[in-house]
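Chain naming follows the written order as A, B and C, and within any one chain the residues start at number 1.
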Amino acid sequence: MAPENLARAQQTDQSRLNPDRLFPAELATRTLARALYETVCDLPIISPHGHTDPRWYAENEAFPDPAQLFITPDHYVFRMLCSQGVSLDDLGVPRADGSRKETDGRKIWRIFAENFHLFRGTPSRMWLDHSFEHVFGWTKKISAETADESYDHIADCLTRPEFRPRALFERFNIEAIATTESALDDLKWHQQIRDSGWSGKVVTAYRPDAVIDPEFEGFAANIEQLGEISGEAATTWAGYLAAHRDRRAYFKDFGATSSDHGHPTARTENLSQSEAEALFQKALKGACSAEEADAFRGHMLTEMARMSLDDGLVLQIHPGSFRNHNGPVLTDFGRDKGFDIPTRTDYVRALKPLLDAVGMEKGLSVIAFTLDETSYARELAPLAGAYPALRLGPAWWFYDSPEGMRRFREATTETAGFYNTVGFNDDTRAFCSIPARHDVARRVDCAYLATLVITGRLDEDEAFEVAHDLAYRLAKQAYRL
Amino acid sequence: MAPENLARAQQTDQSRLNPDRLFPAELATRTLARALYETVCDLPIISPHGHTDPRWYAENEAFPDPAQLFITPDHYVFRMLCSQGVSLDDLGVPRADGSRKETDGRKIWRIFAENFHLFRGTPSRMWLDHSFEHVFGWTKKISAETADESYDHIADCLTRPEFRPRALFERFNIEAIATTESALDDLKWHQQIRDSGWSGKVVTAYRPDAVIDPEFEGFAANIEQLGEISGEAATTWAGYLAAHRDRRAYFKDFGATSSDHGHPTARTENLSQSEAEALFQKALKGACSAEEADAFRGHMLTEMARMSLDDGLVLQIHPGSFRNHNGPVLTDFGRDKGFDIPTRTDYVRALKPLLDAVGMEKGLSVIAFTLDETSYARELAPLAGAYPALRLGPAWWFYDSPEGMRRFREATTETAGFYNTVGFNDDTRAFCSIPARHDVARRVDCAYLATLVITGRLDEDEAFEVAHDLAYRLAKQAYRL
Amino acid sequence: MAPENLARAQQTDQSRLNPDRLFPAELATRTLARALYETVCDLPIISPHGHTDPRWYAENEAFPDPAQLFITPDHYVFRMLCSQGVSLDDLGVPRADGSRKETDGRKIWRIFAENFHLFRGTPSRMWLDHSFEHVFGWTKKISAETADESYDHIADCLTRPEFRPRALFERFNIEAIATTESALDDLKWHQQIRDSGWSGKVVTAYRPDAVIDPEFEGFAANIEQLGEISGEAATTWAGYLAAHRDRRAYFKDFGATSSDHGHPTARTENLSQSEAEALFQKALKGACSAEEADAFRGHMLTEMARMSLDDGLVLQIHPGSFRNHNGPVLTDFGRDKGFDIPTRTDYVRALKPLLDAVGMEKGLSVIAFTLDETSYARELAPLAGAYPALRLGPAWWFYDSPEGMRRFREATTETAGFYNTVGFNDDTRAFCSIPARHDVARRVDCAYLATLVITGRLDEDEAFEVAHDLAYRLAKQAYRL
């Protein structure tokens, strides 16, 4: 389906999707929301932060089967099934040793279909329905009865060339997408994409947690490797900073416009160089206390911001997740298995050292995300509504949802306005959900704008302009894409 | 009035209750909400957690007077009057020594009636209006002018057999109700109910705070008593655990399907048996520090969960209340006098020890409640949306209200779905408010579901199914009633 | 424009303001909201807490120019411009040394006009649009194109007598306004207002932070000065308390009905007199630790409350702002430059010492404000809904906005009702925004009340009564004005 027809398809007779979904119920507001949406629904997708696999675009192989496309890799999906007693093994989730207890995609799909009611009211349900219909043309409801039929339908599609990654990328009308790679990554898939001559714009992002966090598995070895890759004496403080600069330049060569940092807290520090160096040496010896490790991570955010002043990378801070909360699942299945839980996160004291150092820099963009919605109105909007260098990332992860996005706008706009926000991030590894997620964001934002107009808080002509900004322009501008 | 007529009565000419109350204003949504509600409004009441007095059902005596039914025992009511300067003495609230300064129900009722405007906008007002009209057929507004007339009307009703507890229980269409008793209770009222041959299903719940909390008044003496009742050597660690098992079995004999724990925090621990034993011995000597007492309480939640794996009792955690905040009122009037104040409560780190121990058990049900709404979306929904053993209790106490329930659904559904929640708890000692509270919950849930349908987030046939689940089936299933 | 015509003007053809702004979109609710609003829109303004300059009313000089009226002194406005890279110097914000880099009002105004889109969706935009139209009769949109024309229009108005402070005060229909002065202020402007014979009711409020906070700049010198002004031996504990009593009486002579306290936290203490005296002596020597300073501030709130029992001043607590967060801006521009950021604030444990001491006093009014909306439903409403002495201040500062006020009502009413709240505070130094702010509050409250009626939670006749209470009566009563 050509991009310009994505919205149209919703109005076909067989569609299961309400063409006015996520618009307010009241008629005047709904009518305006729809009018706003119609001006942005076909805009290209800017996806400045996400986790799709660059190998897909590099190799352009067919996706293996419906279960491995929609269930096994999507922690939103398998954790919900797990929460009602389905075992991760039965869903074919890979164990820590790499083995999979169930490899029959059809069996996995049947469990998913039988339990599809669990997703009622969740964004996963909206993304799945949207993907099934828009990507695969499947318009029946998923259930035990339609399990095999839907599996066969999608599996058949996947064998066809128009369902290969690059074809979908083009059909999704993605103007630019960022993947995320470790600082130690050789970016070979990005090299292969470039070498292939394919025109799709896939850029990387610099994710240095493995060489910034003293508590990361194998930190010292990672620094050794960093030194080798960069050709710098990375075990000295000066060499370590130089190695970062080198890697950032390398990532920039592959289109990177941002770095990304997933620390447990939003803590920043601005230590003296000698203090930082001492902590770094301690970290290399594995001798940092938890407090010292936290201070070092915090200081490195300020170092990253200083490097951003030179090389222009946007600095993204994604704090506040208690990773791998489930001890037994961590042991048996490893990291990232749906048990990352948000925690209370403070920004006011945490960001002060970084902001005191570089917060007034007009050329710098620090984008802060949160998993603690209480910080939107109380901390993040007042900070972003004052410091030139600070912007607010969109509603993130558990809040990448209709209610989450609505609360984000309601809580941040009055203090930070629209122009201290940066448009939408899909932040996903679920490739087929990308158009669905952007569609949800565009609908929710248009609903919000329509409400402002109808309640006399925004002029109608302004709403059309802001709708375009939120759907397209701000992401492109903030991420320099 | 027969249960099937409760909803009908709202449409009589003389009713003061808006038949569409709590439904969204917009017509299409309201129409659907009403249609949903009409399929659940007459369903039997499952009341799996509450504080009605089993003696009422055992003795089936008339309630003494309107003030002692509606005011004196209801902390929602008398604390609001107190907040505007009415003294607890003038309301006949019993003092710590058992005396009551005012015993004239009519005088108390007049104060209440003169101050009825204070309840505008509160759920108490909705419950009272509903009770007056549906239970007593009183349809005028309560005010200074109608104080005596309303008092006489209700007092007259109370003399009649159809207003005795069992008759009301049947009229309210209660299929099952749980009371809550201390682990040390002999359950004689439950025995008397059983002996009477009455068919009403009244079950108990196991509340062991007095023998689990080292800071509870008379902890050591309570353990002595626990030993006597259970016939176990309860002052040894092994005997103590055996005594719990014995009492749980006894409570199960009287229908208990749950235990309930009202700790200051949600802290859990999973200590070694020798560590737990050492703390227990210290607690018996009254030698625990505050930190040690907290750790012991936390550990006992995990022990309770392990016992639940054997005996099937559902484990309810009700944390986060700062009890008896008002020093002078505690001194003069004792506990539970409307000055229990919610506090910030953490769940992520607090529940980890218990969840690491038993969180993946499919046969276990741990139901977590909160008085800190910030934890809904940030902590509880992500936890319950992943761990098989964890479910979310409904909006509780101060949030047992239209806005509170709406916020609960909006904050939890997107991450935890509907099926990690457990239906409604009325959690009340105000007997006449029970139908009103369930009616509010059913209306608010139907309003929420209608909104999801009208905004394209749920199919209409699904909404009807979920409405039934939330009003009836989930409570019955989750509490095994 | 005469006050009674303020609302009318919105309906003229040339008005840019939606006459139904802030009312719900649904027709029945909107119609009722409008009906409610029409009964309160022309009520006199009670402004019991604010920061207008008494010198304006004393001297009654013309305001200098549009930029110095609307931009330079308004931290809401200049911090938003700053957040998008406009320098404070270019806006003529005074530096710490008193100098202003830009003094050309027209140049400043052009920057403001070019960036007017930044205010989309913010309350500042509503206040500005309302002020421009209602106060100055300017009905075009502010933009780069209209920058000079609007500047000239407003500048011209300012030369005319009907735009002098007293004329505006009368046109705004202000029945009473409170300013805020330091305990050390001689109140000469208030004296001059009184001496002038002008009938406008301008009262002061007692703000003793400079002589209560051991960490305040020049604390010991301030105490010296306090002693001189009051004629008490203020460096002794007894003399210090006597000096406060003396100053409070002096402020009462100039109409004060309240004291106001802007501490970092809501902490209160009720120390013994000897403990308090020891801390005081330490504070005079500059020897208090941060913890001791905090304890002393906390104790002084309880002392102020005790004095209030004698002299009847209402005690206002405004905690939770991290003042002057931006180090470089504090150094270059000084305090109050838009970088005060809210922080998490606890009330339950913090207020207990004060409430244990005086919370049951019916004659006392303690009004608590918050910058942490999570405390509304969890802490403040339960406390105010129980303690006779405690009331809730309205949505404050960043929350003096449509969404902020709506969240305040939704979060507090169900537990505290309407009558434990105190009407609206504009809390502003932006004189022309006063009618706009009260108008927003009246509209939002009427919208909320209309919603309650349409959803069956409040009777229509009650809504009209409550609308009047919230717009006028409660502020007058709570602040004894």
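The definition used in the following text is that contacts are C-beta pairs under 8 Å (C-beta built on N, C-alpha and C of every residue); 3 or more make two chains touch, one makes a residue touch a chain.
Computed from a predicted model, the values in this text were never measured in an experiment.
Shared residue numbers account for under half of those found at the interface formed by chain B and chain C, and the copies are therefore classed as meeting with different residues. Chain C is reached from chain A by a rotation of 120°, derived from superposing Cα atoms (nearest 5).
Centre to centre, using the average C-alpha position, chain B and chain C are separated by 40 Å.
Residue positions of chain C touching 2 or more other chains, listed in rising order: 24, 26, 374. By the touch criterion stated above, chain C contacts chain B in their complex at residues 24, 26, 28-29, 346, 348-349, 352, 355-356, 359-360, 362, 374, 377-379, 381-388, 390, 410-411, 413-420, 451-452, 454-459, 462, 465-466. Listing the residues of chain B that touch chain C in their complex gives 16-18, 20-26, 79-80, 82-85, 117-123, 125-126, 141, 322, 325-329, 338-344, 371-374, 398-399, 401-404.
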